[in-house]
Amino acid sequence: MSKRRQRSNRKNLLTSPGTLTYVGPEIELKTEIKRVDFNARFHREEVVRNIAACAPDQLNKDPYITWIDVDGIHESHVIGKLGQLFRLHPLLLEDVMNTEQKPKLEHYDGGNLFITLKMLHVEEEEPLCLNAEHVSFVLGNRYLLSFQEERTGDIFVPVIERLKASVGKTRRYGADYLLYALLDIIVDNYFLILEKIGDKLDQMEDQIINGSPKFSLPELYALKRELTLFRRLVWPLREIIAQLLRDDNPLITRDVTPYLRDLHDHSMQVIETIDSYRELLASLVDVHLSSLSNRMNSVMKTLTIFSAIFMPLTFIVGVYGMNFENMPELTTRYGYFVVWGIMILVTIVLVVYFRWRKWM
Amino acid sequence: MSKRRQRSNRKNLLTSPGTLTYVGPEIELKTEIKRVDFNARFHREEVVRNIAACAPDQLNKDPYITWIDVDGIHESHVIGKLGQLFRLHPLLLEDVMNTEQKPKLEHYDGGNLFITLKMLHVEEEEPLCLNAEHVSFVLGNRYLLSFQEERTGDIFVPVIERLKASVGKTRRYGADYLLYALLDIIVDNYFLILEKIGDKLDQMEDQIINGSPKFSLPELYALKRELTLFRRLVWPLREIIAQLLRDDNPLITRDVTPYLRDLHDHSMQVIETIDSYRELLASLVDVHLSSLSNRMNSVMKTLTIFSAIFMPLTFIVGVYGMNFENMPELTTRYGYFVVWGIMILVTIVLVVYFRWRKWM
Amino acid sequence: MSKRRQRSNRKNLLTSPGTLTYVGPEIELKTEIKRVDFNARFHREEVVRNIAACAPDQLNKDPYITWIDVDGIHESHVIGKLGQLFRLHPLLLEDVMNTEQKPKLEHYDGGNLFITLKMLHVEEEEPLCLNAEHVSFVLGNRYLLSFQEERTGDIFVPVIERLKASVGKTRRYGADYLLYALLDIIVDNYFLILEKIGDKLDQMEDQIINGSPKFSLPELYALKRELTLFRRLVWPLREIIAQLLRDDNPLITRDVTPYLRDLHDHSMQVIETIDSYRELLASLVDVHLSSLSNRMNSVMKTLTIFSAIFMPLTFIVGVYGMNFENMPELTTRYGYFVVWGIMILVTIVLVVYFRWRKWM
Amino acid sequence: MSKRRQRSNRKNLLTSPGTLTYVGPEIELKTEIKRVDFNARFHREEVVRNIAACAPDQLNKDPYITWIDVDGIHESHVIGKLGQLFRLHPLLLEDVMNTEQKPKLEHYDGGNLFITLKMLHVEEEEPLCLNAEHVSFVLGNRYLLSFQEERTGDIFVPVIERLKASVGKTRRYGADYLLYALLDIIVDNYFLILEKIGDKLDQMEDQIINGSPKFSLPELYALKRELTLFRRLVWPLREIIAQLLRDDNPLITRDVTPYLRDLHDHSMQVIETIDSYRELLASLVDVHLSSLSNRMNSVMKTLTIFSAIFMPLTFIVGVYGMNFENMPELTTRYGYFVVWGIMILVTIVLVVYFRWRKWM
Amino acid sequence: MSKRRQRSNRKNLLTSPGTLTYVGPEIELKTEIKRVDFNARFHREEVVRNIAACAPDQLNKDPYITWIDVDGIHESHVIGKLGQLFRLHPLLLEDVMNTEQKPKLEHYDGGNLFITLKMLHVEEEEPLCLNAEHVSFVLGNRYLLSFQEERTGDIFVPVIERLKASVGKTRRYGADYLLYALLDIIVDNYFLILEKIGDKLDQMEDQIINGSPKFSLPELYALKRELTLFRRLVWPLREIIAQLLRDDNPLITRDVTPYLRDLHDHSMQVIETIDSYRELLASLVDVHLSSLSNRMNSVMKTLTIFSAIFMPLTFIVGVYGMNFENMPELTTRYGYFVVWGIMILVTIVLVVYFRWRKWM
């Protein structure tokens, strides 16, 4: 999600449109495909070695749901093969591989529902840097395809576990509920990242209140930029879910709509939290800037106090450093001590004055 | 309503959706349920010991209104049981218990009307910190359920008293007027909090005008944040009441609509007052910042005046501190006094100059 | 219109809704009611002693227009009685007495047209503080009721005079034109207040251009707040007149519509002038703030010039104040004068340098 | 267009509405009326001495177009007479004379089309001050009336010349094209003024880049205010032309619509240029303010360098100015010269240090 | 795209409307016209010497597509001739030549589709200055005309090459796909420019983080202005493509719509990137300004430290430079060394103090 990566990704600028190219950073891992077949009574999970084994041809005979979970979208031949097996539109495949594609939902002629969105990871803690993983879903009749950009850290594991253990409603309901469960995990993940950002903001706020901010303005702006990007990625998600609810798609059953509505509420909550964080950040920036002025004030006061006290004193001693032959005070007995007295008096007067003006 | 609480409340992030969990802070008090049955001629009030005693089955026989006032929403079994008695939708119950749920109105299939909103308390006076209590209402045919987050300080007491004393229209009208009366109390409560905030702003303004602000910028921003949150909670309320007025719900009788319209006006007034406070706060921030510059100016002027007066004087006495053998002035009789005269003259000239430039 | 008054007015916060209470500041004067009956040939004006004398029952027999002008809205029994005579809705009466009610137009079942708005007075000149008087009109068939908050300074006098002198179209046209004439006076009054504010802004601008602003930032912000409030009161008026034009109300005759359109244009002009004043104020604030920086700059330059000139000089004289036994310069004949020469040279060089840098 | 004039113009505040009064500044010149009759083959131009000679009665007999160009709108009897001749609505005449009327288009019952807008003149160059001249058009069947506020500098001259010389399409087409031609001249005039403002902005920008801005902040804000006013006057014009295109007015023939569309594009371009100038001005203000900070920085550095160099030196010479009896250094042979060496060394070290910190 | 050029271009301000005039900067090159005829099996490319050779009369007989690529739009007779050949509307030709025309799409009566937009070039690298080239397309039945402002650097070359080499779908599809291919090249070109701007922003950001910004505020604002202009040119393009998709134009076949949708997505991405750059720029400005304050702070601290340390020391040595006859310390044996000790102590105390306050 760093500014740099985002830009350099459009490598295929001048190629003919409609060509399958993975534009994300180069990844060495090979694509790993997992297939899970299940219904309320039945469950089978396997790692697919041969892409042909993903074929949905037996789907019609058996009343179970098939979930193909593809980890890695950089090998265009694998994606292309899958597209052939499930008769997916070439533009859909292009969007699966285009990591720059922003979240959207599209209906395709074959009756498939295509959703692409971003999963977020905290790439670096200090300074906080988010990383967006491109995730796509194809929901068909009795099957769901899911595509993830990188294999490391599959966050769909809890759902896989729930399916295996027959926990929750995931096994009882259809592919639409499975889609919901996966989307829900992604949104829940957003909350975890929000919590990290929130902790960071709390820290910063505490430091500012204690008067010892350990962060610089560019850091605040960097965090603000991450939040802006975060918002830009979550905003279309809210619309996608609203669209799922609005459309009368036969793939989305009535049982699942209340859950989608719940998901919609959560995505709204993510956006609201981001907004309140942005507002908090803006006020942190303001407070930070004004604290600069405050410190300047305190520096200037110190300088002024020193100058105002020592300048008169230095003048007084200068006076009696003059070499005039006729300076009556010099020959008096206690002249020296009287001068000391005067100087102490001047100092006291000035200190009292500065205390009265609240500079000390 | 502090930023911290708000975040840490989503404890059930990764649990299966649809499970009843109270997510607010832990409260030790047990749920207390009060039941009031009344019509124009009849009134009965009791504290419910056994949840079954809430059962609405006798509702159809007797032409009186039943109000179940539930204090405490952290015991999921109690809420669940009530849900069974009144045949409430599980998602409705979830929203009753989810203290993070923002205000909304929903119609449920059984014909129930569900409203959830926030009651506000001043948690701390200095710095002002608001606390949002989650309140929900279920309006059915001839009954009203009300749910409050915490038992301490029930603000519905005036309505309970009015019902007992047969004062006002509450006894004559139906459950919809009771709902209105309770909503009205909540909105009136908003005005009380606005008054507290207003007093605080008045204080701050006076301090600024007197030139001795006793508050810091972070305090101003904290207050601004509370106002922002306040607004975010009241804004949907306005929409909820508008929806009640717009919809042609049989539960809302024509007699009650003018009162709801009045309530709508009041919620508008709350929002407008919040907005004017936010504007006032923004200008307080600006004035505060510019007063920093002003003080800096005054410090700098002091420094400049001291330097400008004593530097020439120190130079003059320095001149006659030189040890040249041939310095004619030193041997003159009144040289020393002439130098004093010159120094006094220089001082006067400079003081006049600075007065002319309005620095003194 | 001061922030304080506005808040403390909601005294009836926790009373039962629908009760007639005057919430404005306490006023000792008693309500004064004036009745004017007129048509093109006939005119009668009387001060009403007994409220019953306002009764509209003879309205139907005589083809003249009746105007009841009520000065003072704090005596609820008077307002209540009038409401009975003209069969006005209780909520309408509540709005007549609620000085916090913002401007609005409402149609009531009886065919009455209810308009409430704010008249503005300059309460204090220095600092400028506006005062909003609550004014309401009830337009019925052949009669108009007008309600003003305070008796002092009735601005409807010109219309009363015009009716008496049979000047203008007021006598020829119906009650709708009378309503227009009164609204027109209120809007014209807005222009007078705008002129006062404009003069104040002109003064401030001149002071800034002359470089001697006699106002402080809080004063600018106070003026801005008055303008904001002004705008908030005029804005709904524009909508009210537009509604009068849009609606096909039989009480508004076709002859009067062009005048109402004219009034609409004027209210637009008020809002635009307010907006341009607000913009002007914002730039005054900016200029004021930057003038602070400018003055700081000038203070700093003075300090720097003094320091830069006297520090080298003081150093030079310090050198020859040293007591080394072997300092050849001290014993030369013109050493002292040479040093003076050097010091004058140094001064000239520095002055030239600072002139070149445009600091002097 | 100065703020002052704009306000003082509403002299007729409290007079009865519907009276013809010229509210602009007093002008001594008498109204001058020019009449041009033309069609493709025929052309007659005369200065009208007697208003009756403007009478459109012969219009129906001859198939030519009549254009009455009125210079001066301050003589209400002249305007009133013309209104009688062409049977114009009194409110239309009022708008012709009300120089405060903002641009608008109105259809009147008689089938006339009334357009009023503002022509702009540069009143003063330094500081740039715009002057808005009130211009109105009445388009009727086969005639066009045009009204200008002041006689000096008639910008319609090119059209008069073109009609005389039979150049362009003006002679061939009807009164609607003539209206277009006059509007076009006004819009073209806007571009000339934009160019003047643009040149001024260019100058200012160059001065800022060269680091020697010769303008003050109030000047920038004054320019911004002129631009805001400019925009406010052009904005409704865009809407007026759009309305001419949208409405199905029989007075506007199909041949003229493409030209009006072109005019619409031009008025859009004016607004966009104004907006880009405003943006440029905003950034000029920002740069100007930051240059204040920059200069302050440079002043402070100078002060710091002087202080930091001469303070240690003055201290050193002070040390050897002490009068202790036992100060071994004083009696050494080269003590004085060693001290000079030390002082030069200290100076070099400090200069190197400040160079390293990039302060010199 | 510099502010200056944009303004001075409207040379034909006061000429009669509807005249063909090229308003861009003067270019000496002559118009160069290239004609390409092609279908899936056939391809012919020629440089047109005689404009008549562009004639589309044979278009109806042969089932191939004709593309006329015109380089140079400053010779009005050439453009006029082409307009006659293809029976184009005069206003269309005017827009082709008016380099100030902002992007738009228009349908003309003859069934032609007219699109005009801007191609961007980086004119200068340091400071970055963009140059907008005016490009227009006329899509007819089986032909496409393209007009470019300047002949140097034809960016349509890749498409010409693809046609020649029979690569991609360009040869198989119709004129609408050719239009898409050319639009696509222009949008891709936008991305290249965005990348350049992005690199520049990266550099600036790095410099700020390293604390040594090598750019000035005016430079940042200049870049911001370029981005604003960029956005203003791309924004209508997005609308143009949306219109192409929305309208049911027979010239746009169904095969091409998915590609246009893709192009729409890309233009959205351009706008979003511009927006994120603008936001980044805004924060760079803020950070830059605050770094000024920071540097001022550091300068002031240095000054204060020097003053605070040397003022007391200078005072001390001044004391013992006094010439009183009775100063007991002067005659003590180690007085001088004790004074040195005291001075070192004072210095240490002050250094410790400033370290504690984190000023050193």
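Odds and ends about this structure:
Chains: A, B, C, D and E, in written order; residue numbering restarts at 1 for each.
Assume a residue touches a chain if its C-beta (ideal position, glycine included) is under 8 Å from a C-beta of that chain, and two chains touch if they have at least 3 such contacts.
Nothing here was measured: the structure is a model prediction, and the numbers come from that model.
Contact with both chain A and chain D is made by E.
Counting steps between touching chains, the shortest path from chain A to chain C takes 2. In the CA-based superposition of chain B onto chain C, the rotation angle is 70 degrees, rounded to steps of 5.
Interface residue usage between chain A and chain B, two copies of one sequence, is largely distinct: under half of the residue numbers at the contact are used by both copies. Taking each chain's centre as the average of its CA atoms, chain D and chain E sit 28 Å apart.
The distance from the centre of chain C to the centre of chain E, with each centre set as the mean of the Cα atoms, comes to 46 Å. Residue positions of chain D touching 2 or more other chains, listed in rising order: 293, 296, 300, 303, 307, 311, 314, 318, 321-323, 327. Viewed as a contact network, the protein chains form a single closed ring in which every chain touches exactly two others.
Listed in rising order, the residues of chain A touching chain E in the complex are 3-4, 7-8, 10, 13-14, 16-18, 91, 100-102, 217-218, 221, 224-225, 228-229, 232, 285, 288-289, 292-293, 295-296, 299-300, 302-303, 306-307, 310-311, 313-314, 317-318, 320-323, 327, 329-336, 339.
Per the touch definition, chain B reaches chain C in the complex via residues 158, 162, 167-169, 184-185, 188, 191-192, 194-195, 198, 201-202, 205, 208-209, 258-259, 262, 265, 269, 272-273, 276, 279-280, 283, 286-287, 290-291, 293-294, 296-297, 300-301, 303-304, 307-308, 311-312, 314-315, 318-319, 321-327, 359.
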